[in-house]
Amino acid sequence: MIRVTIWNEHTLITDEVLAVYPGGIHTYLAKVLGTEEDFEIRTAILEEPEHGLTEAVIESTDVLIWWGHNAHHLVEEEIANRVVAAVQRGMGLIVLHSGHLAKPFRYLMGTSCNLNWRDGDFERVWTVDPSHPIAAGVPASFYLEMEEMYGVRFDIPTPDEVIFMGWFSGGEVFRSGCTWRRGHGKVFYFQPGHETNPSYKHDTLQLIIKNAIRWAQPTYRVEKLISPNAVPSPEERRLAK
Amino acid sequence: MIRVTIWNEHTLITDEVLAVYPGGIHTYLAKVLGTEEDFEIRTAILEEPEHGLTEAVIESTDVLIWWGHNAHHLVEEEIANRVVAAVQRGMGLIVLHSGHLAKPFRYLMGTSCNLNWRDGDFERVWTVDPSHPIAAGVPASFYLEMEEMYGVRFDIPTPDEVIFMGWFSGGEVFRSGCTWRRGHGKVFYFQPGHETNPSYKHDTLQLIIKNAIRWAQPTYRVEKLISPNAVPSPEERRLAK
Amino acid sequence: MIRVTIWNEHTLITDEVLAVYPGGIHTYLAKVLGTEEDFEIRTAILEEPEHGLTEAVIESTDVLIWWGHNAHHLVEEEIANRVVAAVQRGMGLIVLHSGHLAKPFRYLMGTSCNLNWRDGDFERVWTVDPSHPIAAGVPASFYLEMEEMYGVRFDIPTPDEVIFMGWFSGGEVFRSGCTWRRGHGKVFYFQPGHETNPSYKHDTLQLIIKNAIRWAQPTYRVEKLISPNAVPSPEERRLAK
Amino acid sequence: MIRVTIWNEHTLITDEVLAVYPGGIHTYLAKVLGTEEDFEIRTAILEEPEHGLTEAVIESTDVLIWWGHNAHHLVEEEIANRVVAAVQRGMGLIVLHSGHLAKPFRYLMGTSCNLNWRDGDFERVWTVDPSHPIAAGVPASFYLEMEEMYGVRFDIPTPDEVIFMGWFSGGEVFRSGCTWRRGHGKVFYFQPGHETNPSYKHDTLQLIIKNAIRWAQPTYRVEKLISPNAVPSPEERRLAK
């Protein structure tokens, strides 16, 4: 079982959002992803103690999905750093849409993660890397009738892999699906998912998120991040015997 | 002129260190680098107000050299983040030796930057990428008679470029010279330089640092890091006319 | 002086092409680039002996610009491999537009370099990496009224740097300006430049090619590519003295 | 089942080699790998028609393991290019030791793949990237009592991932385990394995090769590599309905 925790901010859940995603995006994604037999789904929200991300929750999470928008500044440093360290120790992280400015993502990237944006555009998403596991079963391109435009310049470190690129009818392009490794953890950023657009109801988007969860699940995880004092080789070989 | 600021911690400057580098490493490097006609050198230390890195100093610094070891935790978050943002806006950063655990470096990398270490070893440094500007004039390999061993595993994001690799007589290997770009700024990490070893007196090390300063100097710098709200293409074209 | 050789195929130079670029693209580019004081320009064409790329020409070329389309298969293996080896030894290479299927480019990439294409589209080119030297002075985006569409999937190895991305009105996206290093040489691929479209008359395109020439010029060049038999360290140190 | 084909040159199989690996390295590896339930193993050698790599063999191979040394020049261009195209279309390729100069590897890399070498050294192999699937179960470091030294400079494109690094007692370092993607295929280069040294008898080396086979197996494979002529978006959407 892959233990998935979906994080969201309640503050943003307006009537307009609820009309699209009853219960909020996290509730909707939990329902959609919960049908997969190898996923064990939980949700956590900003307004809970420790934002719902206690050490116990983090330690029992294989892949954390992060959606946030208006309340990035309300995330406590300690919790943001706890997520960052968990990724460095092996936990997978999937950052959705406006989560590009969330503290854990910015802290893992080391860049501002700013971008160019505009509400309400038509997007064509292209699969740049069809043999990547996150693109398994995804067509060469697909359409999102209404989505927030995210465009160049996107201030991220050169991704390890660019899997999807977005085309917007207003004239912009974007690296829409990117991966990085940080420490022992894998990070996937995926651009679609404005809170008042029904993108997560799109079969292909759901497939991509499912693929990403399986890709990001840890196969190796360490308890602590340390700088050990090493013995030289002859001693190391003697001790090994 | 390339405006260089060399940063250090005073707290570490023991008699043993002063015996090797009178006035400390920053003073020694300032003297050595100060002979170059295109460099304008300043120093800054932890114990000064704002650690000597006021906004005025940062804004007038092209390349910041960072040496630190025992006092990483004493660097204020605000100042560390000021350095990080300055790099993202275009300033060059050269991180030396034990600076691998300094806040600005860790924050720019997004990893723990831990490594394996041991005092007092013999190192052979190899030039992996001789056509890189930082390696200009550097031999295929050179020797450091006494240097702190830094070895694998080194928890950094995959470097954009690995320019030097280190071989230690105790049996370890290391990616000793690495580059990354973060935002508009360039970062170079260079491993040699333990405070009680005379490595910075080595001609080749001085050459590498000089090369790195010229490589890291900004050609493009922005005042602010923002996420602008874009107009669609037809409007943008109309406005452009 | 940077010694630039511009290569083209004569076979393609139809009346339609000549109407746009009298004398062909190579002649036009030679004129445009020839005004720069630090460039020394030559041209070479497929139909000359050794395709105009004799060993003497290659050895005295700092940066080779390659435009080709219909006659890739007519380029002799020996000459293609000569160009490849020259890049590996340090020569710069700029591959334009339909040169993506030219032998030297494919051999340096190790991939098929196939892409999705269509004649006659409107393109908006975005600057992804404004602080790269090839983007110096280039606006955030610019327009090409009529250009051949090149779209995803583009079968190239992950570029070291993606500097430009293209948006096409027909609904496609492309990594339009990419760099790689191969051996000691630098390679820049740049997408615009269909032979019947006047793109090379665009100021910004000319600026990008000039920037790319200065970026690609070698600072380090070797005569031969060999696998030397090394002496072990103690012997090497003794010999060094 | 993962269909593995192990390739070798017979010409090199001297009495000295046979004393270490009866039947040659390919025969030995076939025996060792053949005990895995998910592997289906075949061998192919240079001296067979089409070097044992007919189209039928290639089409039914998921992962090709290549060991070669003295006879790289005897590999026909057509067969080398067949292997290259198969990788670009999705086949996995594991290149061992002196295969660094084999045509398929050089053609996929686009570099000379030269390195520094010396017979008969002691090697310590370090795991740089312990959370990579190829390193699963591999210790932080392990020893090879006698192995050919391969050292810097190794003329390869920047690897996507460096998983292992080698330390040699004679004073050299090497990127000993590296990965690249080319088209839809995965490539792993692994340094140990001189024909007269018993390295492949080492449990850890066998584990690494098994891991690499599972990592390199294709999940996506195409029949042809083409540059399709695309219809614009409105037409494409109409056709899709």
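Order of writing sets the labels: A, B, C and D. Residues in every chain begin at 1.
We adopt the following convention: contacts are C-beta pairs under 8 Å (C-beta built on N, C-alpha and C of every residue); 3 or more make two chains touch, one makes a residue touch a chain.
Everything quoted here is computed from the prediction, not taken from an experiment.
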{"item": "Of A-D and A-B, pair with higher C-beta contact tally", "value": "A-B"}
{"item": "Remotest chain, subunit B as reference, centres from CA atoms", "value": "D"}
{"item": "Approximate Å spacing (C-alpha centroids) for the pair subunit A, subunit D", "value": "33"}
{"item": "Computed distance of Cα centres, subunit D from subunit B, in Å", "value": "37"}
{"item": "For subunit C, residues that touch 2 or more chains besides their own", "value": "124, 130, 141, 151, 158, 160, 171-172, 181, 233, 236"}
{"item": "Residues on subunit B engaged by subunit C in the complex (per definition of touch)", "value": "90, 124, 130-131, 133, 136, 141, 143, 160, 181, 184, 218-220, 233, 236-237"}
{"item": "Interfacial residue positions of subunit A with respect to subunit B in the complex", "value": "84-85, 88, 101, 107-112, 114-118, 121, 149, 151, 155, 157-158, 160, 169-172, 180-183, 225-234, 236"}
{"item": "Residue ranges of subunit C in contact with subunit A within the complex", "value": "124, 126-128, 130, 140-141, 151-154, 158, 160-162, 165-167, 171-173"}
